[in-house]
Every structure is written in structure tokens, then in C-alpha cells.
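Written out below as C-alpha cells is the structure these notes cover.
Lettered A, B, C and D in written order, each chain numbered from 1.
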């Protein structure tokens, strides 16, 4: 069996086959999604395309061309036909960035951070407080919105806050790290867990003595950066109208806009992560993960490098937090729960600790699983339950199926199984980390 | 074997499993048609891809529900969904007669805003969905309705009492229940006038709903000169000792709990055991028979327990007896709070779609449905439903209910001590 | 003297009980005095009422509450600390073991209630049966979890079993929910009403205006917890199995060379830890009256904090840490609002617990009673 | 002045005195050994020198400056580099990367250089790689640069550990039982390598050995430890003749052989 697949893969990965496969998937997927925008299988087919692009042997230039075609043309167009896909990709990008950040902390430096989502909250609340009317509501009762409240900053400040969020989260990371980084690994895990809870509880409770976070009510509305008018009015809209079959609305353009923004940030995140990984800093982190005592004996300043890992990891989350707040125009403490931290951890573990392509894959898989597959499965079951259909052999009527079996309810179960099974059978993840081959050395032979 | 290859293979296996699992749900568009061809009245629907009503004048119309179907509040969330389901079954006949296949698309918002918003995007992207029923939690409704608003999709809320839901003035957001800024003062008035309370201890559950109600209550209480002994929020669900110690010491006349029954029940029980003798007061979050199982005799001893609600028990509505019977027959349990509101919200949706379809002479647009809702005067189970310019009921019904039950089975013995119609405060 | 200290009665009953009483009284006194002192200092700042009087009014109740929950924490913390002592590994899923124990106990009582036997049975027999069943189920569950999720990972880097434990914890939460929802249709488990243990014993103390009120179930809870602690002390320090456990904890390879079945001892450790967790779960259920599959998380986290606070791996430390944490929590939740005139309140009690944890770890990385382990080079 | 000078160094663990008042010096450019039976405190003494343990008493002077209170990375930065008794390579990093980690303090790329891949970064990395490769070959390994360190055979791992230590440009190299587990041929090669390191690179070497026979062939000066104390020192010839060494050391050997 194994050899059969190996042979098949080898065959598929030689000559012109890779390009045929990728283009085939691309075309079939695109047409599928275009024709039936609600079909999950069509969308998943399309999502296979970037994966194949990554795995198969294709000329780099062709790869980039197809990738750009997919990202810049196909997905936005299809996304306007069904904005839910843009949401899916947006969430994939957000969580991929979070997973990349957490990967620096856990995967590279080997520090288990169970409160990672706290940094995400720091970024989100930074823009939420300054990008909303909250500053003029500091003395009012949460929930009540007096008439005179004004936005404190212009929406264009969003761009500044994108950077501020990164910096703020990094500083928070250092502040957390300073006292606790000397702790042993598993103590650190629990302390960070506590820290994550502390940030959430603060967000929940800082509606008094001054109303900074609006407590459980959450902050809304939060401003979005203005769209360039060409999008809403100009030729782009006219060009898109016949292709997507209707006049795209501003809301749809906003979805496209956040999609691109998220992609740009994730590209930067990938670039930063890969460059850090393959440098003096990244090597130091890996050395610390592998053997702390040996690393420090080799002259690596332990605390400084760990702080750097915390700060770098946190900064990714901070940036994405700002983006998230603007996208949702609403922020509340419920988003930053422990479950969210574990979700990101699951992504990192599933994809492969320390492996950059791995964690991106992990994030995408978990997001699709959570918001598409499990939900769709529940909807499907519910539709079956409304019908008179029966399971043929055992003669079980679908409508007798308990509501309690809806798969969407068992997110934690799925996370839990992924974590345990991966740790036992494949601790290095689905796409394990690979060390860079140093061509320079071997070429000389 | 090459590691990379192994990785690829495992990825492929996972992907194919996912695809296999969803090969079926791909048919989510028309599952009834694929799985149970015997059932469908219009087999043509099998061929019709889900691209929406544009495919034919008499296509599929879907009505979404979004409420927590899982988690601690699923009892109420499921009640909304099941009420809507029953309404669709009983009242969907008109639209079916017009040639539409009307389906329910129930979404689970898990009582969290993130899931709610992601689902909302999924809902608005499904052009077959013309109307929606939801949510349970105001904290989820507020961000999600931003999506409904931008997509022009009308939603009818069966349960959200937070004022902000409608005060934003969106055409697409309607509710068939009252508001916290009326409900909480009504509760306060009951405490002040009927119970003659001089002091009150306010506790809330640190949710958007609970805190909102608590704040309105506090404002009203302070205006009437009632001493607010303490104002605490807590996420604790099991051990309230630390809050109860100062509470018992202060011995206020009334404890006002703004939150949901499953937390409040435990609190009431522990507070009563610790020696609190005053009255417990709550709002519509208390309205569940589980409360009686949780708190037991704590509800009837001492000063007893009462709550205000925007959704009276089914017995409060003259036409509801049949509903209770049908609901119990279909789902095997008596309707919980909001089931009748879910029924009515669905009824509003169906009536509006029908009116809009008749006016448009074919499948209506979402905007036509949204406008039709505002123009509607609908005779529901709970009241005659019509909406003002922000989507509130001009006159909403509020009840004050005294609890006589000490276990789930006797929940029906609770008595309505007062009910009144109060106008919406508007924007 | 030597003869007396080696007397088993002294060693296994008098000494541990004395220690528990000393810790409980000592910690309560220290915190009470501190609070009263603070009240005197800030007395002038608050004009509406007399701060000292307000503090003294509920002080006995606050102390009792703190000790009660403290004993629950201690009992759970012992499970963490035992496993940590032997495997140097944080059993993250212990909080779910605790939850399962509680739910099983309540379900048993609900079953008795269903058959109608509950009201006629002696309430203490019912509780004892519930505790025993909870201990059995939790203990075996802990062993099963160890076999499935941890044993294959022995020798792997530290983070690997920890992540597996987190996964197990999540899995158990939803699995229990699934089982409960399928069998009962909902997942709240409610303690049936029976017996008289909700009542209070009132103790009028001369000189104190308000009489002291002890709820019988709180006394029961403390009593059972003390019994467990004493039993565990005997098991670990007075039996052959205890000796083997200590040997494995000290040096696993050597213990195995000495002919100790290390795998068996590790299973026994999980069994004992799980059983203690299960007992704590039933006790907690008596107090909370309602459980759900997610109820374990916070008590578990607190208990872990307590174990670290006292010095993880150290049984006495777990006891002390649990009591201190329970008291701190009770004090902060009850008084924070009074001291800050409502600006901060009970909602900050968890932050308080974590702040203390971080502080202790910075000042004494090995906990209050822990020994500093030299870094192995 | 001696390169390394310790005075009355004491390290205790609880009641146990692992290193008791060791006064000891290493002159520049020599190969010096510390020998002693298992548990004599040799490794603890090493750990005290390199900052892993902080001695309770005594003074350690390196190039005339005190090392007391410095962290291991600071000690390393001052030119003292070491290997470990039970090889501690970074197993899942490649051989070249292991050596590059050793160069941590030699590299000066900043985070900015790293993120923007400046010219300086590329040049420095290229240079470092070349140097790492040279070191790899210097210790006698070829074509293994891209192998994961843990996949190397035992002898290879020992060599890489030495290359990694050398990468830090040390003045003093501390080797903790570098020939443990080697066969006689490998041991002979290793001894040659140590000599070359001293002769060609001018690095002073301090090594711990358990096995007296190995030490005699290479050391110019030997100190003997037993029960945490220094019981003798001198040239190999002197040590060989020293009655106390033979009794304590060999006597114990013989006794332990009986168990």
C-alpha cells in the first residue's frame, strides 16, 4: 500500500504532471465555487490548490504566478460571490499569524505559553479603546451611550495603531516575561495560563472605577480605515459587476479589503518568522529549546533570548488583534478565552511544532474544521432531522437523532483528540519542521 | 520513506476524509431532496443548485435561526429553535402553496460573539435565506446584526432585551420582546412599591445582558432612594460563599440577580442556606423550570422569589394552549421560555415573506422582506405584533411572576402577579 | 521522646492532625490580623461606616468559608502534587478527574432519589457511598488516562506529555457532556435535596455579638478532607507501597533496579491521586449543589496553584498551599469591595490568586515548603 | 600570571561538600588534567568554573578577573568554552548549525539586519558558515554539515561538541571526559586532536578524565581530586609515583571492581 502511494506520488511529481494537477484543481475548484458558491466541497477543492502548489515540484516562477493569480484575482472574485469565504480566509490568516507567533514561543524557543491570546487581546483593545467613542465614555455607566460621545481619533489612525499594537503587545510580552522566565517550563505554562486569564478578567472588569473597556458589554462601534473611493465607485466596481453577477456593495468591498490586509500581514509574518528562524537569533532559540544548559554554556544569554522570543511571538498577536478589532467593529472579553489559546496551540501542534508551513497548514485546517466542516455537518444533520429519511439498514429515523449529537458542539472534543493523538503518534506534526540545507557547504564538495 | 512525502500523504488522507465527510454536506443546499426523494414535493429541487431564488421563481426559501444550541444556555437557545421549527411546520403552508420549498437553517452561535459573526457571514452569503430568527444573547446579537444590516437581511429577535439592539436604528433589526431599560425599572418598581424594599443587593453575571439589566436597576433604585448595599459581578458558578458572607451580614430586603437561571439557582440556594431571609428578584433570565430544580425550596421560603419577564408563560396567552400541546407532542417536553417567542418570530418572518412575495409577484428581495416586516401587523401567540420605526414593539408586555415551584414539575404553578403593557422608550 | 515520636499513633494520627490544625489556625490568624490591621489603617479614609466594625462583623464567617474551600483545594492539590512528585509532570487533566468524581457521586444520589430510597436512607451512608463510588470511578479513570495518554510519552521532552494532558482535559470535558446529554438530555447535574446537612450548628461565643454558624456540610467536608489527608499520610509514610512510591519519586532507575515495578507504582500513584480528586469532587458537589462538565477547570487551576504555592511534590505543602489560597480567596472576595468602596470587588479574586502565585514563584521558585533542586548540568 | 587561578573554592549541596577548598591554577598554553574517581567532584568543579553553579566560598580568577557571580554565557564570552561529560549537542539541529550556535557571541548581526537581510547579514552568515565548515573539518569530519547532530555516530558527536566549543574562540577549553566511551584507536585520535588544538590554535586545555592511563599520555600537569578535595598535583611522572594517589585512587578502583 505504502509503495503504491509512493510510486503514485513519484509519478505525479515528475515532468509536466505537477503543473497539470495544480491547474486542474485550480480550474475545477474555481468553476465549482463560481457555479455553486455555497458548496463546501468545491471550496475545499480550491483550497487544495495552494497545498499542491506548495508540495509539488514546479518551477518557482510558475508557482508564484499561479499563487498570485489565485490570491489576487480568483479568490476575491469568488469571495464577492460568497463573502463567507473571505471570512474563512480572513480567519485563516488571523489564526495563522497567531499560530506563527505562538510557534516562535513554543516551537522555536520551547516555552509553553498557555495564555497567548492575552497579547491578541492587548492589540484588539488598543484599537478598540482609541478607535471608538470609548474615551469620551470613561465616566459613563457601561451600556449607556450618552448622545454627545464622539470618536476620539480619525479612522486613518488605524494604520498607526497597526504598528502600535505590535509594539504594545511586544512590551506586554516582555513585562510578563521578566518575572516568570526564570521558571521551569511547566511552571511557566501555568503562570502564562493565569496571565491569560488575568488579561481577560481585566478586560471584563475595567468598566469601573473608570470605564475603560466597557466591561462585558464590549466596545462597539470601532472604526475601520476608509476605503479608497475607486473601489466603491470607480472602474474596479464596474469591472467586477458582470463577473460576480451583481453590483458589489461597500460591505463586500470591505470584506475584500480585510482579506487583502490580512494576507499582507500574514506574508509579513511569514517573512519575519522565516528570517528570524534562520539567523543567529533563531538558532539561539532552537538551542535553548534543545538544551538550555548547553545553550547557556555556549554563550547564549538565556533570559534575553527568551524575552526576545516572548516579545516577537506577542507582537504577531498584537498586530492581528488591531486588525481583528477593525474587522469586527466590536470587541468583547469573550473572544479572549482560554479555549482560544488552546485552539491556537492545537493549530501549532497539528501542523508541526517549529515548522512554519506546518503551523499555517494547521491554522487553516482547524479554522475550516471549526467554522465550516463542523457547522455544515450540524446543518446537514438538522436538515436530515427535518426530513423523514431513515438510515437504511438499522431502520433508524433521522428525526429521532438527538440534538445533542451536533458536531459543532464538540469543538473541545476534537481539539482534545487532536492534541493527544498527535503527541502520541506524531509529535512533530503533519508537516514537520525541516532544517535548512546549507548549499554553500555542500556545493564545495 | 521520505518524511515530506509522508506528510503530504497524511495531508491528503485528511483532506480526502474531509471531502468524503462533506461530499454529503455538499448537498446541504438541498439535503431533503437528496436523501429523501420520497418526501420532496418538488423533485426538481434536486437538480437546482443552491444558487438562490434567481434560478426559478418558485425556488427554495430558507429562514435561519441563530441561538446557542450548545453550552450552558442551550436550553433557552434550543427552545427558540424548536419554537421556530414548529412555526415553520404549522405556518409554512401558505408559502408552500405558492410553490416555495421553505426550509429552516438552524445555526449554533454557542453564545459567543465570534461564532455568531462568522455564522452571520455564512448566513448572509446564502442568498436563499430571506429572514432570520435570533439571537438569545444581546452580546452576540449586537455584533452579528452589523452583518445582517450591511447585507440587508432582516432578523427578528425573540429574546434580546438590551436597548442597543434596536437603538442603532437598523431597518433589519426587529424584536418582539420588551427592553431592559423598561424591564429593570419595572422590577425595581415592584421591589419598591409592592415589596416596600429599603435596601437592595445587586449581583450580575458579568455578561452584556446581566450587567446591562443590573445597571438599569441600580439607576432606578437610586432614584427611588433605595440603598444599594453592594453591586457585584461574578463569573463564579459553584461557590458563592465569599459574596454571601457580606450579603447575609448586610441583610438587605431584596437581592436582585441579573443573569441566567443556571447560575442564579445555585446562588439562591446557597444564600438561603446561609441565612438570607429577604426576597430574591430577577429578570427574564430566570425564566426556566431548571431554576426550580436548582434552587428548590429556597425560592419559596423567606421572602420568596419573583422575576420580571418579557416572555410570559404560555398560559399567559389565550391562544397558547394549543401551542403548548403541539410543542410537547413534537419535542417531548413542555416549552421553555422563548419557545413561544421563537414561534412568533418565525411567524413574523413567514408572514412578511408572504406579503413581500405577493407584492413583488415572485420571490422577494431581502429588502422587500425587511420593509414588509415593518409594515406588518401580525397576530401572534404572545401579542399582536407590529413594529415602530426602530424595530421595537410600540407597546410591549411585561410580567411579574412569583415563583411557587420548588421542582421542575411544578413550574406551572407560578403565578402572574402583575402584567402590564409599557411603551418602548424609542431611540 | 524518641520512642514516643516513633509511636504509630503519634506518627500517623496525632502529628498530621496537629499539623493540619496548626496550619489552619495559623493561616487564619495571620490573615485575620493583617486584615484588621489594614482596616485600622484605612479607617479614616472611609466615612460612611466604621471599617473595622464592618470587617469584624463577618470575619468569622469569612474564615470558615476560606477554610472550607481551602480544604477542597488541598484535597485536589494532593493529586497534582503526588503525580508531580513521581513523574515531574503536571497532570492537567486532574481537574476533569475531579469533575467526573463529583458528577458520578451526584448521579448516584440522583439514582437513589429516583428509586425513592434517598429519603429513607441515612444521609451519611448516602454521602459515604457517593464518595466511595466517586473515588473508585475517578481513580480508575485517572489510571486509564495515564495508560492511554501519558505512558506512551514517558521519556519524551517535558512539553509533550503536558500537551497531551491538556488535550485529555478538553476531551474529557466534552466526552462527559456527550454522555450526560445522551443519557439525561442535559448536562447540568443537580444534587437532590435530602437530609439535614444543609442546616447550621449555631455556636454562641461569649464576647462576640453574632453567634458562629457552622453549616453541617461544611463541617462534614472539612472532616472528610482531614480524614483523607491523614489516610494519605499513613499510606505514603507508613506502608510498603508508600515506600515504593517514595523510592520511585526519588530515583526511578534505581528503584527499578531494586525490583520495584515502576509502572505499577506510577499507576498506583495515579489511582490514589485520582481517588482523592474524586472524593474532593463529591465534597465540592455537596457544597455547590450543581455540577456541569466544565466545573473542574477553575477549582483545578486553583488547586494546582495551591500545590505550587506550597511547593509542588511536597504533600504537606499542598495542604498548606490549599488552605492559604482558600483563605486568601475568601478574604479578597469578601473584603475587596469594602476596602475600596466598591471600586474593585469579588470579581478580582482570581487575579489575586494568580498574583500571589507569581509573587511566590519569583521570591521562592520552589514554593513555600519545596526544596530547591539544583539544576542538573 | 596563571590564565586560570582558583583559591579555596567550596561548593556545597545541602550538607554535602562536593568541592572542598580547591586551590588550583592553569598556566597559559598548557594541557592540564584533573583526575579522580567517580564522584570526586570534578564535574561540579567544572560547573563552578563555568558559572552553572555559584560556589559558596573562594575566588576564581580568569585572565586576572573574577568569574564569581557571572552567568555561564558571560563566562563563555570571556573566553572559556566547554564540552560536557554526557554529550549535549542540539540534536535536532544540523551539525553546521550546532557549530554556528557556538559562534553566538562572535556574530554581530542585529535584529534589523536579520529582518531586512542586510548585506552585513549575508556576509557575516557566509563567513560564519565557512568558518564552521573549516572547524568541522578541523576536528576530522567531512560532508556531515547538513546531517542532524543526533544522527551522527558517537565519536562524531564528541568531535562536533569540540568543534562547537572551539567556535566561540576560547582561550581556555574545558573538556569533560572527552574520551569516555571511545575505543583505543579513537582515543589515540582524540589525543592527537587535543595536541593540535593546543599547538596550532594556542588554546589552553583543561580536561577531566576518569581514566588515568589516557591522561598520562597527554597532560603536562595533573591535579588529583578525591571526595571533593585536591589530594595531589604535579607532572604525570610525579603523580604516577605519588603514594596517596595510588592508594586512594586505585584502591577505590579495586574496591569498586569487586562490587
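Keep this in mind: contacts are C-beta pairs under 8 Å (C-beta built on N, C-alpha and C of every residue); 3 or more make two chains touch, one makes a residue touch a chain.
On a predicted model such as this, the values are computed, not experimentally measured, just so you know.
Looking at the partners of subunit A and subunit B together, the chains they share are C. Summarising the inter-chain contacts, the pair of chains with the most C-beta pairs in contact is A-B. With centres taken as mean CA coordinates, the chain nearest to the overall protein centre is A.
Greatest Cα centroid separation from subunit C: this falls to D.
Here the CA centre of subunit A is 46 Å from the CA centre of subunit D.
Averaging C-alpha coordinates per chain places the centre of subunit C 48 Å away from that of subunit D. Mean C-alpha position of subunit B lies 71 Å from that of subunit D. In this assembly, the C-alpha centroid of subunit B lies 38 Å from the C-alpha centroid of subunit C. The set of subunit A residues touching two or more other chains comprises 204-205, 293, 409. Residue positions of subunit D touching 2 or more other chains, listed in rising order: 52, 84.
Among the residues of subunit B, those touching two or more other chains are numbered 206, 233, 235. Interface residues of subunit C facing subunit B in the complex, by the touch rule stated above, are 57-58, 61-62, 65, 68-69, 186, 188, 190, 193, 198, 200, 210, 213, 215, 284, 287-292, 295, 299, 329-330, 332-334, 337-338, 342, 345-347, 349.
Looking at the complex, you find that subunit D touches subunit A at residues 50, 52, 71-74, 76-77, 81-82, 84, 88-94, 96-97, 100-102, 104-105, 107, 109, 111, 114-115, 117, 121, 125-126, 129-130, 133, 143, 145-146, 148, 164-165, 168.
Interface of subunit A with subunit C (complex): residues 106, 110, 112, 114, 179-180, 182-187, 189-191, 193-195, 197-198, 201-202, 204-205, 208-209, 293, 338, 342, 345, 349, 402, 404-405, 409-413, 415-421, 423-424, 427.
For subunit C in complex with subunit A, the residues that touch the partner chain are 89-90, 148-149, 152-153, 156-164, 166-175, 177-178, 181-182, 185, 297, 301, 304-305, 308, 342-344, 347-348, 350-351, 353-355, 357-358, 361-362, 365, 375-377. On the subunit A side of its complex with subunit B, the touching residues are 2, 5-6, 9, 35-42, 44-45, 48, 51, 55, 82-85, 87, 91, 141-145, 204-205, 207, 215-218, 220-221, 249-251, 255, 328-330, 332, 334-335, 352, 361, 365, 368-369, 371, 373, 375-380, 382-384, 386-389, 398, 403, 406, 408-409, 426, 430-432, 434.
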